[in-house]
Amino acid sequence: MIKAAIFGASGYTGQELTRILSGHPEVKLVAVTSRRFAGKPVSEVFPSLKGLTHLKYQNVNPAEICNICDIVFLALPHGISMEIAPEFVRAGKKVIDLSADYRLRDIKTYENWYQKHSSVQFIKDAVYGIPELYRQKIKKTKLIANPGCYPTSIILGLAPALKKKILDVSTIIADSASGVSGAGREPLTGSLFCEVDGGFKAYKVGKHRHLPEIEQELNALAGKKFAISFTPHLLPVKRGILSTIYAKLKKDVSLEELHSLYCNFYAKEKFVRICPSGQYPNISSVCGSNYCDIGLAIDFRTKRVILMAAIDNLIKGAAGQAVQNMNIVCGFEEDAGLRTAPLYP
Amino acid sequence: MIKAAIFGASGYTGQELTRILSGHPEVKLVAVTSRRFAGKPVSEVFPSLKGLTHLKYQNVNPAEICNICDIVFLALPHGISMEIAPEFVRAGKKVIDLSADYRLRDIKTYENWYQKHSSVQFIKDAVYGIPELYRQKIKKTKLIANPGCYPTSIILGLAPALKKKILDVSTIIADSASGVSGAGREPLTGSLFCEVDGGFKAYKVGKHRHLPEIEQELNALAGKKFAISFTPHLLPVKRGILSTIYAKLKKDVSLEELHSLYCNFYAKEKFVRICPSGQYPNISSVCGSNYCDIGLAIDFRTKRVILMAAIDNLIKGAAGQAVQNMNIVCGFEEDAGLRTAPLYP
Amino acid sequence: MIKAAIFGASGYTGQELTRILSGHPEVKLVAVTSRRFAGKPVSEVFPSLKGLTHLKYQNVNPAEICNICDIVFLALPHGISMEIAPEFVRAGKKVIDLSADYRLRDIKTYENWYQKHSSVQFIKDAVYGIPELYRQKIKKTKLIANPGCYPTSIILGLAPALKKKILDVSTIIADSASGVSGAGREPLTGSLFCEVDGGFKAYKVGKHRHLPEIEQELNALAGKKFAISFTPHLLPVKRGILSTIYAKLKKDVSLEELHSLYCNFYAKEKFVRICPSGQYPNISSVCGSNYCDIGLAIDFRTKRVILMAAIDNLIKGAAGQAVQNMNIVCGFEEDAGLRTAPLYP
Amino acid sequence: MIKAAIFGASGYTGQELTRILSGHPEVKLVAVTSRRFAGKPVSEVFPSLKGLTHLKYQNVNPAEICNICDIVFLALPHGISMEIAPEFVRAGKKVIDLSADYRLRDIKTYENWYQKHSSVQFIKDAVYGIPELYRQKIKKTKLIANPGCYPTSIILGLAPALKKKILDVSTIIADSASGVSGAGREPLTGSLFCEVDGGFKAYKVGKHRHLPEIEQELNALAGKKFAISFTPHLLPVKRGILSTIYAKLKKDVSLEELHSLYCNFYAKEKFVRICPSGQYPNISSVCGSNYCDIGLAIDFRTKRVILMAAIDNLIKGAAGQAVQNMNIVCGFEEDAGLRTAPLYP
């Protein structure tokens, strides 16, 4: 059993990590931190976890945690992770950072979209934690930059087509919709039930901070520079992201060929499922699980592919992918602790 | 007071017409038909309408209705409207058909996407009932083809930009999401609460029957032929459509210019509201009303406009627009019976 | 046209008042106040109201408002209304207070459940604003204590049975469930979409502040002192309250007799609808309207009546009832501005 | 590994059994039946299960299934189970029947509330499958009558208080609310998203078929005959039941004593959690798990206890409890396959 700790464990992502790690066969969760709830049992803040963990939230220094754990998950806002991660890396611990702080390899891009970076030297050693693309690198790193939720869906949705170079990359548009848990557990007016239920709207059109991260990875896959349009929407659901992605085909491709391409690309992946032809993914078929479901269509009238990718934003889009990365970096079975079926209906 | 009847009044659109017409100051609703609920009071099928109408559903011939009404609304499936409308038109009554039967001016297109048409000769006299575009023609016709819900949002969203010819029309993509009432009140597995709540998915990708109708009108606005991509999604809400529309700009346009263009185009319209710059429409801000809210963005990195249009699919997307058309064709104030504010939250 | 102002207009109840008064044929809304949003147009805070009001929120003294209006609505927290109402009453204005400050006729009870009262002398002149029970008194007062949402449903549900003395009043239990808008628009963790959606729970069991108000009115109706059990629950809906009320019958009563009793009691009421025998009220059949729907059942095995009353908590449970009271006190038609049908589905 | 089959596997309960058994460490699921979907892969009907089971639905005779399995789950409507169960029992197989057919020990009561019974002789050997009450009997039976969803919540909520005889049993009222999955996957108008979302209503007041089952078990616990009032409500959620139960105390009991009574009664139970004093259960804290959360309150003003019990109706209220019963009857760890934490938020 390895010993794990979670920093920032009282948000939705931290709660989800707590939930998954409490049931993980190879992990002993030794500490969870929260400034706001310090001293309170986890099960008081999240009654759903009663009987599953006896931990209390602590407000402690990284140094104190460092001594007692082998791996640490940082479920902290960007800007704070960069202050804490270095201490753990230097101490030889494994770090899985769920913030954006180590995702962008270009420091200028990071500082344009976020803020001044205080531990730039660690960026080059961080690995962007999409196992389906970077499994070998993940095995060897100490610092995993766990991907954003929107990026996970868009990158997995586009990877096979980009690698195969069948798309006119200048035409890529990602139209995404996310459940409200993506906005976190902060009490914001915009996240109130009455503001969200029955509603649907776009937000941060063309300006969402996940954009540079998405483009970095898409450009790497395609082997060239290009920009995309990305429009996030707020869905009146708790969990789930669906990205519907449009691009012009560079050459004629049949739906069968496209389907084969995707099935082959992800043939050995436990957490990517390609929908049968003519079926499209539904977020309610992945929620509660670490799956990414991908659906494919071709609009022959306009020579566009339409790629749809669905994930649970808190699992494959955050905590589940973090645990998948932990499994890889620790040498466990890649789906250990992650075999829960989607909760449907 | 004119006398109105509704054919097919026990579906959601028929119910909505009943609701609106029951409160309309210029209209006496004299008959509502339903095969399934014949003999039952409307208020038994829809307890919300108790005290608002004393009508019972009837299963009657058009001929019987024709004698007692001045205007008839057909809230029937396509294929059935075409059998009933002619009798009313011939009798000099006004007909507002909410099915697709008279929307497509090209008969071949209709028959490709729907079925054999049995009253082709009436198509040429029918007017496509978007008041913001065809008000003068609507005033003079007897037969109004009330637009589909998705088309209403997409056409209103694109009209000013197409008329002004600022878009590369070959790049238009409409990514839309609709509430479940769009699927009607038939008891289908796919419309069950447990199948829809918490879910989000695309359906009929590139194949939805509203596509030819959308393209007919967009082509007319642009004055040339082109095809678009259109992807409908099913939203876990009862009412509302949001269409997020993408297109490349042909030339440089600032957001201020775009905003002015839209404000001017719709300056005299009572039911179109342009969001302030930087604000985007939310379906929950229009639901319960006949408004179409339009938001505008420009992604300067990719030279694309992103147009967002929100409507209540049962009101501006169906029954409300039908009543707006009635008001025009009957010479009433255009917003008579339609002044209800959106029900928010 | 009378001139009306709303204090505390940026919460959900204030918004609802703004919405209703903006469309009221006899009222000109002249001022709306909000500390938080002072200076902002109403339509920026609530885009649903764009085009319906051009007012901006102000942060002003009561004195300034007093000069320009004939009637004032106080949609303020308890404890604040009591500071503001007296100035208006003294100036001869009509005041409709939506807080609890003037609802309880017994000052000790008020101070036990709420706080110290600073304008006790006004309590005796205030009328508890349930028109169906106190219409004559409402006509003559200057100060209306608009009822709470839960109390409205429970009092209307029990009034005929209590007046007729058919119940063993010691056995009354009110089990109620409310939509989230009842908690207001404050950004509280417990009102977040993710905390509410998919959930259902009781809260403040036996301790809700509406309890003394409910008992005051039920005791008055029955003509004797007694206590009830009242359990509020939080429903994952935006609007609506359903109260399911249990009591033992003192004597044999048939369902037909019970039904007649209720139909007769409310025969002249425009806003109370009695469900046909065997039908029970659904909050979705009243939401968006000022109706209270009441359903009746008798469990003959246990000699209990089960009374069910459904309202829209923001309308009949707050803003709509306030406008109904205004209509009465100002001599307008009692349903002026309140004829909107429920928005179903 | 034992071999299990599910009859009627394409409803929501059957799907849930399939989901749980697919991940059960001691079970090999060998057959699932469905008339409607015969020939189709489970994963086509329920895409959420793709990759978790490769079974196809079959339309087969019990005899064919009998040969290949050790235990059979009957997720069939009442009236059909009674035709199928006997064959399996006679063949020495274990049967877990999720219908009502063997729940009522009094045949007249069964036939009054349901229909003619065709295999009466098996009723006396059937054990009512609430493990917390009948674990020893369950171990030894071949035929388990798996409890209804409402009864599970009400029986577990009342058991300690009834055993301890602190309640005036003539005053018991159970006010319950259930998610829509309780109505099954049949396409009924009343289960449509648009009919349910935003709504809340009582149904079958005093007449629900779970009533005799509830009373049978409560009477057994109390050791005497009595009737209760039971009102089910339909909640706009997919999963979850909350029962709020009222009863007069026969003698003075403090909240601490009540809390101790419940904690002790369920001290060794893995699936019953007693909320800390002052906290009440929320269905969203149990959904996705086999837990029953129980909350306690005393209304000292009226000498009533208010007991609240929350379960996931498809898990502890159906499939999960069935698997718990299987674990007991097969000698597995009682929580095998059931350790999944609630999915919150």
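Going in written order, the chains are labelled A, B, C and D, and every chain counts its residues from 1.
Convention: a contact is a pair of C-beta atoms (placed from the backbone, for glycine too) under 8 Å apart; a residue touches a chain by one contact, two chains touch by 3 or more.
Since the structure is predicted, the reported quantities are computational estimates derived from the model, not experimental observations.
Visitor: Please state whether C-D or B-C has more C-beta contact pairs across its interface.
Guide: C-D
Visitor: Matching over half of the contact pairs by residue number, can you pick out the copy of the A-C interface from A-B, A-D or B-D?
Guide: That would be B-D, since it shares over half of the contact pairs of A-C.
Visitor: Give the label of the chain whose average Cα location is farthest from that of chain B.
Guide: Farthest chain from chain B, going by C-alpha centroids: D.
Visitor: Which integer distance in Å separates the CA centroid of chain C from that of chain D?
Guide: Their C-alpha centroids are separated by 39 Å.
Visitor: What whole-Å value do you get for the distance between chain B and chain C if each is reduced to the mean of its CA atoms?
Guide: 36
Visitor: Identify all positions of chain D at which a residue touches two or more other chains, and write them in rising order.
Guide: 12, 181, 194-195, 197-198, 236-239, 281-282, 284-285, 287, 345
Visitor: In their shared complex, at which residues does chain A touch chain B?
Guide: Touching chain B from chain A are residues 171, 173, 175, 177, 194-195, 197-203, 205-206, 227-229, 231, 233, 235-240, 242, 244, 246, 280-285, 287, 295, 297-302, 304, 306, 308, 310, 345.
Visitor: Which residues of chain A touch chain C once you look at their complex with the stated criterion?
Guide: 12, 180-181, 185, 187-189, 191-198, 236-238
Visitor: Write out the stretch or stretches of chain C touching chain B in their complex.
Guide: 12, 15, 19, 22-23, 44, 46-52, 181, 198, 238-239, 270, 273, 275-276, 279, 281-282, 284-289, 291, 293, 339-345
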